[in-house]
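Chain lettering (A, B and C) follows the sequence in which the chains are written, and residue indices restart at 1 in each chain.
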Amino acid sequence: MEVLDAHCHTVELGPLTDERFAAWCTESPWPPAPGTSFPDSRLGLAIRRWCAPALGLSPFAPLAEYAESRRSLPDAGARLLAAAGLSALLVDTGLTGGAALDELAAAAHAPVHSVVRLEQLAVSVAETAGGSGFGRSFSDALAAQLDAGAVAVKSIAAYRHGLDLDPERPGPAEVVRAADAWLRSGERLADPVLLRHLLWTAVDCGRPIQFHTGFGDPDAALLRADPAHLQPFCAATRSARVPIVLLHCYPYHRQAAWLAQLYPHVYADVGLAVTYTGARFDAVLAEFLELAPFGKVLYSSDAYGLPELYLVGAQQFRHSIRHVLADLPPGEAERIAGLVAAGNARRVYALDA
Amino acid sequence: MEVLDAHCHTVELGPLTDERFAAWCTESPWPPAPGTSFPDSRLGLAIRRWCAPALGLSPFAPLAEYAESRRSLPDAGARLLAAAGLSALLVDTGLTGGAALDELAAAAHAPVHSVVRLEQLAVSVAETAGGSGFGRSFSDALAAQLDAGAVAVKSIAAYRHGLDLDPERPGPAEVVRAADAWLRSGERLADPVLLRHLLWTAVDCGRPIQFHTGFGDPDAALLRADPAHLQPFCAATRSARVPIVLLHCYPYHRQAAWLAQLYPHVYADVGLAVTYTGARFDAVLAEFLELAPFGKVLYSSDAYGLPELYLVGAQQFRHSIRHVLADLPPGEAERIAGLVAAGNARRVYALDA
Amino acid sequence: MEVLDAHCHTVELGPLTDERFAAWCTESPWPPAPGTSFPDSRLGLAIRRWCAPALGLSPFAPLAEYAESRRSLPDAGARLLAAAGLSALLVDTGLTGGAALDELAAAAHAPVHSVVRLEQLAVSVAETAGGSGFGRSFSDALAAQLDAGAVAVKSIAAYRHGLDLDPERPGPAEVVRAADAWLRSGERLADPVLLRHLLWTAVDCGRPIQFHTGFGDPDAALLRADPAHLQPFCAATRSARVPIVLLHCYPYHRQAAWLAQLYPHVYADVGLAVTYTGARFDAVLAEFLELAPFGKVLYSSDAYGLPELYLVGAQQFRHSIRHVLADLPPGEAERIAGLVAAGNARRVYALDA
């Protein structure tokens, strides 16, 4: 089954210490509690189930044995990534480190398309533009990135403010004032006026907007990352017809699926949930597909760093979508699986254009 | 198994274009996104599974074939409705269009009881009463409707304000002021003082109050439609012993089930969720029945317009309740299914009185 | 399988009227609605399934037969409790009535460890200390209880204010003012400054802090008992390394599990959900174990009064954990089950120290 990874980050292909490996298995930035371990989790089991065979081991081989095998194979990272069998990857380029995009593409044997992280682009623009020039400079920079081939943008407003944003486009004077204050402060970009300005500039550009929603690292307040907070923004942008893709969504994925039914331009993406919940993704995917029409749900892994995450995501998804649609006539199940696995992403991100 | 549809709207029995058929398959008022279709969803699959056989086709017959067959049978609508095998229907008469209640009853081969939509009755009263007379006129009009046979009332406060209402009964002077302001404004009835006044007038009348909660059309802000917002109102009305029926509830049905356990006069109704989630209603119904005692959950379809929705609801429910109770001794499963399917509704709405 | 009940209350070992028995089967303090019964629920079915055999009856024996048998056996209570096969019990001593702790230990054939309820200890201290001495007296009293062997503390801030508390430690002058005002008022301890003071005093003591979260009796507003409200408190206390155990959590257990992954000192406990949801605990436990590492989830029953609740909890848990881990290699499943059943609690509460 063709699987297109519609939201991920770049990979680290080199060898990893056990400690570094474990750190990639959580959204927590801190060491584990005494007596606990991050890979001793649904994610760790999923790695053992889906990745051990790609390194020549039995499914569920113990982690120590897996790590040993991984160390002994110089090309383990590339082998795992290639085993995912992806047809394309959409990569949020807003995180630093890891392989360059052409290295990633070569290792994955698949084309890579970039996604512009709005907040990071704003920071790079701010270094040269003052408050009064910020709006125009950001708009120009975003247009340039999209002209250069980026297929979508991504917002991490959930990490900087919460999704409970005023949905309206801020006025030019407001933006100048907010940009001035931000540039003077030297702080992280978190002002809601600026976050809204980035979003509305993206709306003007007409490309799909990916939103981090639901669980993530501790920068995000979970209660304010519920995608249902975006309902007013969905309403305000409907007539612009720019696709809004709600990423992750869990544990609010039923809410996201409802928005995806209600608003023609809204989509739900299963990334991050697919890797972290492992075997339980059977249940989570089924919940995504309760209210959302089948044309509105997209596969992604949200993999970052660990090559295992690309492979776990793709294989767990292939397994779970078959499970979720098992009660359907075979041709029908195959057709719907194809939409969620790749077809919807091709259409929404205009990848065949 | 006797199934009593404890909350629905009236039906459209005539032929439908494909476009109109698809529009009945969503809560969205807008055309679908390019490349997507509303019936390509759990609801559409459920229609193919449960309704195709009622038109002489195989389960899961393709939609085009189904539509063809539907067009070729002049009595398709009545046939589908009758196939639901309902023992009675409680109809919210607040939506316009469709079959008259006696036509609906004839086609369904079952008695129909009406449910008064509070906000609509208020509008009809306001046309003749001024602000100072509004309270009394509304109270008289509601009493008249109940005397004429209506078995319950329904509130759509979730669509007009949200369920985060002050639970207290508003004072008479407040109501006059709010009614005056509303009548002068010419706007939709959305003032929370008036919405509360309608509810407390209904409490005084002693009949069950149905509340829209959970997902619905875009008029409702999902976050403010969580039935947990009604907890203070449940507390404030407990001693009045008027049944409060939380409709739909999804995706907050576990919250609704908890209220139904906690407050003696609170009930949870599975309507809308049963049709929209289709085969996944197995899981959703199981969640309703985690905390709610078996005497506190009611079947309904929330069907509107499309005859298929009455049939999908009834058949999916019959299927799912058996699945959910499969681990019980057969006599026990049958008894509990009978409560949720019809017995609880008969008792709560006093249908045998 | 060793099962350690890491949060419960004391038991009533004597005979019970049918009415009293039914009252123990709900969190509602009110009589059931006409035509309904609290044991006619998932909990009642679980009692019939798991407890009837302990009294020599068939699984699912009718409740009337079960009650008859219970009345005929003078030692029914102790027999049920012993049948739970618990290896230890952690008992919140904040509720009055029932067996003394040594009686409970004797009947359970297991050691009992006490847990101090912060709000109750504060009330007992306030009787002798004035506002200005409250802070010090409370601190001394808590230290004395922990020195005397209590292994943890418990907060019911969710019942008194909600979990949406300012996470910061209140200043000494604030505490004096709040204590004065509370003592003069003669009211229940609900002031958020005082509730926060109790929590930070507990943090200073270094023992695990159990929090009531999620569903409970009507004193708690469900919306404000979502454990996600505790995220700022989790962040503020992280460096103190004092374990925070989120009790119950349902229906927000996926949120709790996320906090348990993210913050090294946060844990999720399945109590109350395990008894109330009965056979459905298979699904609920699986949801707990989606995001939480296996070292972060703890078994408890939250049983109170009814001996059946200790037994239902333990047996349903043994059944459900096997079900949830059925897809794993047997040794792995056994190891993980052992952590959740007892190992994690031994480590977090330092029971082997």
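As a convention for this text, contacts are C-beta pairs under 8 Å (C-beta built on N, C-alpha and C of every residue); 3 or more make two chains touch, one makes a residue touch a chain.
What you see is a predicted model; the values in this text were computed from it and never measured.
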Here chain B maps onto chain C under a C-alpha rotation whose angle in degrees, rounded to the nearest 5, is 120
For chain A versus chain B, which are copies of one sequence, does the interface use mostly the same residue numbers on each side, meaning over half shared, or is it different? different
Per the C-alpha means, the centres of chain A and chain B lie apart by a whole-Å value of 37
Multi-chain contact sites of chain A, meaning residues that touch two or more partners: 283
Seen from chain B, its contact residues with chain A in the complex are 26-28, 30-38, 40-42, 45, 60, 215, 217-218, 221-223, 250-251, 276-277, 279-280, 283-284
Contact residues on chain A for chain B in the complex? 226, 228-229, 231-232, 235, 238, 243, 254-255, 258-259, 261-265, 283, 286-287, 289-296, 327-329, 332, 336, 344, 347
